[in-house]
Structure formats: structure tokens, C-alpha cells
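For clarity, chains are labelled A, B, C and D in written order, and residue numbers in each chain start from 1.
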Amino acid sequence: MGIKLGVSFYSYQQAYYTGQKNLEQLIDATANVVGAHGVELIPEQMPVGSYPDPSEADVERWFAWMEKYQTEPTCMDSFIDWMLYKNRILTKREQVDQMARDLKLASRLGFKTLRVLCPVRKEIVEASLPFAEHYGVKMGLEIHAPMTLNSRWTVEYMDMVVRNGSRFAGLIIDFGIFAKRPARKLLTNALQKGADPHILEAIAVACADNKPTEFLLGIVKEMGGGQAETGVAMSWARNRFSQPDRMRDYASYIIHCHGKFYDMDEQCNETGIDYQSPIAVLKDIGYNGYICSEFEGQRLYIGAEEPDEIEQVRRHHVMMRRLIG
Amino acid sequence: MYEKHMLARDDIQSVVENGVGTGFIVKLKIPYYRGVCLSLVEDIQVRFNDRLFTRDQLTFSVSGETFTFKEMETQTTFRWEFGEKATVFVPLPGGIPLGMHRIEVTVSIRISYMGGTRPFTVVLENVSPMGG
Amino acid sequence: MGIKLGVSFYSYQQAYYTGQKNLEQLIDATANVVGAHGVELIPEQMPVGSYPDPSEADVERWFAWMEKYQTEPTCMDSFIDWMLYKNRILTKREQVDQMARDLKLASRLGFKTLRVLCPVRKEIVEASLPFAEHYGVKMGLEIHAPMTLNSRWTVEYMDMVVRNGSRFAGLIIDFGIFAKRPARKLLTNALQKGADPHILEAIAVACADNKPTEFLLGIVKEMGGGQAETGVAMSWARNRFSQPDRMRDYASYIIHCHGKFYDMDEQCNETGIDYQSPIAVLKDIGYNGYICSEFEGQRLYIGAEEPDEIEQVRRHHVMMRRLIG
Amino acid sequence: MYEKHMLARDDIQSVVENGVGTGFIVKLKIPYYRGVCLSLVEDIQVRFNDRLFTRDQLTFSVSGETFTFKEMETQTTFRWEFGEKATVFVPLPGGIPLGMHRIEVTVSIRISYMGGTRPFTVVLENVSPMGG
């Protein structure tokens, strides 16, 4: 079996937003340019028909695409809008209704896993377990920076999962938690704004060393940096490095991974996130689910330059195949 | 990416009814990476040169239906989809005059996982909808 | 085949409201006291499990009751809350969503017909046709006083139905449109409040003669009546008599009937509504659907006296069987 | 029938917290022939002798959840079912004093097919929740 590869269509958001590619064309590119098999979708971003209730014809067309392009649904990404109304937070039951709605949609579209957004409360996931079982779709809480594998939020969630003894709740690892240094493109942008390369390098070294934001800002101040350097230091404020080895604690509960990345260079290396050690750990613990590439570098392209999302994803897959072997 | 793509110059148009300019529309894409139901579109403001138009003065249209912002507070069926253009009508008697104008639009979306409302502003300078 | 008989559980609302009978006990009484076969339900009044989404177990229990008591679901009564929110009227699409929700529930519970409330716009019914076909449930607009069979609202609705050529929209006749005189119990109540029996009789004769409210109030004034007599005259203000023969115009579109009644006397006659002629017409046009008894006299019981709803329904069925033959 | 059955004398009770009376509750059945979602419960007023308590002062509880009337405006998941008792809390420092009282409750439900809101009032005289 081994690790399987896919693409989160979050990666293609700009091509879709600007109307350059529709959903079918993106499935085509995934199969025929990237060479990937798994499809991860945010249905509120690129609806299959309409969200949350596609027609039967929409669903049939979706499966026809899967067949035509030899792809398969992996994980569907869900949101719980607990601030749906201006003046109040939705009750637990209303939030569970939203979860049930998404579990049902995932089931209709053939997704085996539902991405649960990090700040969703464990009580909501727990109360949704009967729906997950009914629809045969697993819920995975996404461990996403600034959360870490050791955060109290994660630990308490996992206590709930273990206590319930259900196979329908688990974890999704977002590789952003293994970020080691600012993406190359972020640094290039700062250089263009006149940042001092020595200060940037000092910041990058301190990032890799897992230093807190105050420490990074201290470097900027000491070395006489300005706004551009401060921007780079601040971009790191929400980063918290997780030790890849901590994944072993939850080995049998990891049901999906997001191969988060910001910038793939010409040699197909991610310029800021550690992939080598996490993938070694995943192989070692026998993980045989999907890693779906999740490109999030769109906002690093400023001025006239535009990202080539499909090319970035293609490079990411070259790296992934190299590392998985 | 929203700065560049959420509002195209061609999507600012005067509205003329019975030969009289009543205002203008801006066709906006959502400055957020997914679509949302309309109750989450908490606020839109449009600044035309020095004049500010607030939510009570505007209407919002999507899927062929037009809503006031008060109505949108409970609107969870209709959605502003990702990449879809919504039409905001701004009442400006006479429509947009000849000449160059500055248009600034702020869209505030309520995002639960951010614990509140995130405003996003786009500015277009030298807008001249009457051809140019 | 011929006309079939059932009970709208609207008839039992007080027994349910006060907690004297639960849903199963009412099904039991329908089968074993009234001797009826058909069950009509307002799920927002007496939910099967919970409205609008009963669990599978709730639905199974419901069908188990139908089997146990040898009853069958006939018509489910729907409401469209177009004033769901304080500040606005729901859009057409939102109203159609509510209709689809109720059609789905009706289908799950085995109801073949959905009662559409009289003031629901024909555009909503028209746009709901695909859902009705999908769920295999017919929508019937209820012709209910003060609407008549000749009202413009009815005529325009039927034009829409005929134009669509769909078997999934039709009419439901509420026998209240055949009311000929105020219910006996309403008159008795007025007498207790000191009304003059001669004036009441004069009002009742004018009602049977289809006179307008102003005419009735004129009688009260002329004959020197007071508040009690005026109350009886005003109770007729929303009544508009329909000629039973007008049902012939829509013969093939009548999909269900409400045997509306207010007061059954000891000889099992309805004291104010004409049943003889409408049933003769229905037999003549070969109607073979249900008439479900719909008792609405609860509010005529004032002071310490309470209605015996089940007994009233039983008497109504005695009358119905006598008339149908 | 609602006059007689929507509010029982036993369902008016003082609320005591930490030994101090904070108010009272009334447990009400809906004065309408079906259940509705909470957004349709437009208004409730409680008159205790001469004191009037309006929606902003009350809370409403059903199915174990408590709402303000402002919150209920968008509440379409929770329902006040036909025949089910909802609990309305009325803040009255000290709770209900000894003696006989008059309690009047008005419930207004928004009913689409009637085109608006229908108020329904029930009055109980000589109420004495402290055993009597």
C-alpha cells in the first residue's frame, strides 16, 4: 500500500477565481499534468453543482469525471460557521447540524474523510460521531499552525477520540507545522523592498532554531532593519514548529495529510518546510493514507507576477515521489 | 490576489433608468478563499471620491435576487460563491459624472474561525466608466 | 374503489396538547374507536420523532404503528413560513426549499399527498413540481374558506396546474366551504350569554341564504340584538359558500378532502355544514380518494366543559359512512 | 382551549439562587395549534401585578437551551413544539413575595398565512406560588 498522493484543489484557487480553469479542467490537470490520483475539495470553494445540496445529475457528473480522469475523492474540507448570525454563537446542536450536512455531502461525493477545521470544539466532533458512522465518513481535526501536536487542544481532542473508541474521528496533519524557515519567495519580496540580505538570513537561522517572535524582532532592531525585515519576522509569528516524531503518539489516528507548501524551487524543493523527516516518520509508522498537496503561496505573488499553481503542484509531486521512493 | 482580481474596471457601470442616472453598480468577487452564505457578508462600504456610502444605502444582488443588508442578516440560503460576481448598487443621482474618479470598496466577511469580521479594501484610481 | 375514510389528527389537538393522549394512542383510537383506516398528520403539531428530520428508528416505529393498527398514511399537512424572519419575506427559492423539505418528510413517512396551505403562491407550487415528482408526493392546494372554488386565486392556480400538465399538483377540498349555518354549539353558547333565540334563528336563515355580513348585522340591529347576537353574525364573516357542483370543473384534480366539522349532534349529524350534496357530487364524479374528518370545534367549548374529540370524530364517521353508503 | 391549558398555576415558580430570590419562571405551552421554530416567537410580555416585563428582560428556554429574544430572531433549528412547556425567566429581585398576585402573559407568534403577528394573552388571578 504505502503513502498515496493527491492534490487539494485549494492549491488551484486563483485559476478558479479568475475563471481560467473550471472544476473539470482542474481534475484534468491533476491527472494529466501533475500525475496525481487523489482529489481533495473544498465544496464551498469549488462546488460540485451547488453547495450543500447538489442534484443527482451533478453527483453523477462528478463520478463520471473521476472515472474519466482516473482520479478518486480523498478528503472533503468542511467549515463550521458558528458565527452564522451577527448577534450570537450557534448552539451545539446547530453546529452539529452543519457537520452532519457536510458529512452527508462528503458521503454523496465519495469522500472518505472530512477535514474538520482546527478551532472546531471537540464536543461538536463528539456529538457528530453518530452522523459520521451513519454516512461512513471519518472526521479529521486538522492540526494546523499555530496549533502543534503537543497543544492542549490537540491532547484534549485526542483524549475524547480515544475515550469514544470510534474509528470515525482522527487527525489530519498539515505539513505547515513542520515549517523551518520563511519561504524563499517571501524573502525575495522583502529584498525587492530593500531588505538587507544579512538580516534576512539571521532571521531565517533563528526561525530554524525555533526562536520566538520577540527574538526575531530583537535581531531586526539590533541589526538596524526596517519595515521590510520586520514584515518577515512578523510573518513567522503564527508559526509553531512540531517535532515530526510526535506523530508517532497518534500513529493509528492519522487519517489524512495536507502537504502544505508555499514555494517550490526549480529543483523541486520546498524552500521553507521540512518534508524529509515527517515523511520518514510517516513511512516508519506505516501510514498508508493520502498526502494531498496544498499550495498556499498565491499571496506571495505581488505586482504583475502571477503564480503558476499547476506548475507549483507538479513540482511538489516530483519532490513527494522522490521522498516516498 | 484579491487586490488584483476582485474588482475589474469594466465592472463599474452607471445605472440609467428612464434616461436618468440613478447611481452605479460595482460587480465584486468575494475577497475570501471560499463562498459564504449572505448572512456572513457583514458589511460593505463604497467610497466614491470623497463620498462614503454605507450598508443602509446599498443593495446587494446575487443569483438574480436583490437584498438589503438588513435582509441579508438572516439570509442563509443564498450564497456569494467563490469567483462569482455579486452586484452592489450605489445610489448616486445622475450616475457617475464624466472624468476620473477614485473608487474604494471595503467588504467585511464574518469568519468564525477568526472569531470575527475581516475587512478587505480594494482601491481603483482613475476610474472613468464612460469609456476609458 | 369509492371514497375512503380517514381522520386528520388535527381533530385530536386538545387531547395531545394537554397530554391526555400521545401519537400512538391516537392512532389506536382512530382504528379501534372511530374505525377509520386513513391517517392525516400535521407533523409540526404531532411530530413523528422530530420535525423535519426524524431518525430512521422514528420512521420504522411509525410504520410499525401503521401495521399494528391497520392504518395507512394519507395526507401530510404542510406550512410554508414565508415570514420566518422579522424583517423580510422569504425569497421564492427559500420557500421552495421549505416545500421540498416537507415533500421529503412526507415521502419518508409514506404520505402520498401534501396539503399546501391556501395562501401559498402558485409560483411556489409550480417551482416545487420537480421535488414532488422526485419524492412521489402530490401537492394539493387546500380550498378553504374564505376562498371558494370560483375565487380568482383558485382559478389562476388551476390554470398553472393544467398548463404544467403534471399529476403532482391538484386540489384539496375543505368541507368548510360548504357551511350553511352557524354550528349548533356556537348558537348554544350565545343563548347562554343571553342571546334572543328568534334573532339567532333569523341570522341562521340568512346564513343559509348566503347573505353578506352587513345583512346579518342589519338583522341584529333591526331586531334589537346585542353583543351575543353580533358575535354570531361576525363569526360568519369569513364564510363564503361554494356550490358543491363547482367541484365537477376540477373533478380529476381533486386529490384529497378535509371533512371539516364543528359540532356533531347525538344523531350523528353535522349541525352547520352541508355534507349531503358535496358527497353526492364526489360520488357522481367517481372520486376515489380520502375524506379525512377534521374536527375544529375545540374553541366552542367554554367554561368548564371540554370537547370529547374522539367521540366527535366517531360520530362524524357514522355520518360519513351513512352518506357514502 | 389555550386560556385553560397554556399556563398551569403549578408552573409559576420562584427562582432562588444561593438563598436569594432572583425572579420567577413561568412554564408555557404555545397558544397556537402547531409548534414553531423560535424565530417565529416574536414577543412575550409578562405582567406581574402592575409591573410589566418586556422581551429584553426575559429569557426563553426550550430543549435545555436558553435564549434571549434577540438571539431567537435567527433561531430556526430549535422549536417550541405543540404541547411542550417552554420556560420563561422573569427577573424579579427577591422572587415572588408572599400573598396573592395577578400574572398576565402575552405571547405573540408570527404566522405567515395571517400576514403578521398574533398576540395571545392569558391571565391568572390570585396566584400564590408559595404553596396555595
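Here is the rule we go by: a residue touches a chain if its C-beta (ideal position, glycine included) is under 8 Å from a C-beta of that chain, and two chains touch if they have at least 3 such contacts.
No experiment lies behind these values; they were computed from the predicted model shown.
Undergrad: For subunit A and subunit C, which third chains touch each of them?
TA: The shared contacts of subunit A and subunit C, listed by label, come to B, D.
Undergrad: Considering only mean CA positions as chain centres, point out the chain farthest from subunit C.
TA: Relative to subunit C, the chain with the farthest C-alpha centre is A.
Undergrad: Roughly how many whole angstrom separate the Cα centroids of subunit B and subunit C?
TA: Using C-alpha averages as centres, the distance is 48 Å.
Undergrad: Averaging only over C-alpha atoms, locate the centres of subunit B and subunit D and give their separation in whole Å.
TA: 43
Undergrad: How many angstrom lie between the CA centroids of subunit A and subunit B, rounded to a whole number?
TA: Here subunit A and subunit B have centroids separated by 30 Å.
Undergrad: By residue number and range, which residues of subunit D touch two or more other chains?
TA: Counting only residues that touch two or more other chains, subunit D contributes 39, 73-74.
Undergrad: For subunit C, which residues are shared contacts with two or more other chains?
TA: Expected reply: 84-85.
Undergrad: Tell me, which parts of subunit C touch subunit B in their complex?
TA: Against subunit B, the touching part of subunit C is residues 84-85, 87-88, 91, 93-94, 97.
Undergrad: Within their complex, state which residues of subunit D touch subunit A.
TA: Within the complex, subunit D touches subunit A at residues 63, 65, 70-71, 73-74, 77-78.
Undergrad: Sort out for me which residues of subunit D touch subunit C in the complex.
TA: Those in contact with subunit C are residues 1, 5, 29, 33-37, 39-40, 42, 73-74, 76, 79, 81-83, 110-113, 115-116.
Undergrad: Over in the complex, which subunit C residues touch subunit D? Could you list them?
TA: Residue positions touching the partner: 10, 13-14, 16-19, 42, 44-47, 51, 79-86, 117-119, 298-299, 301.
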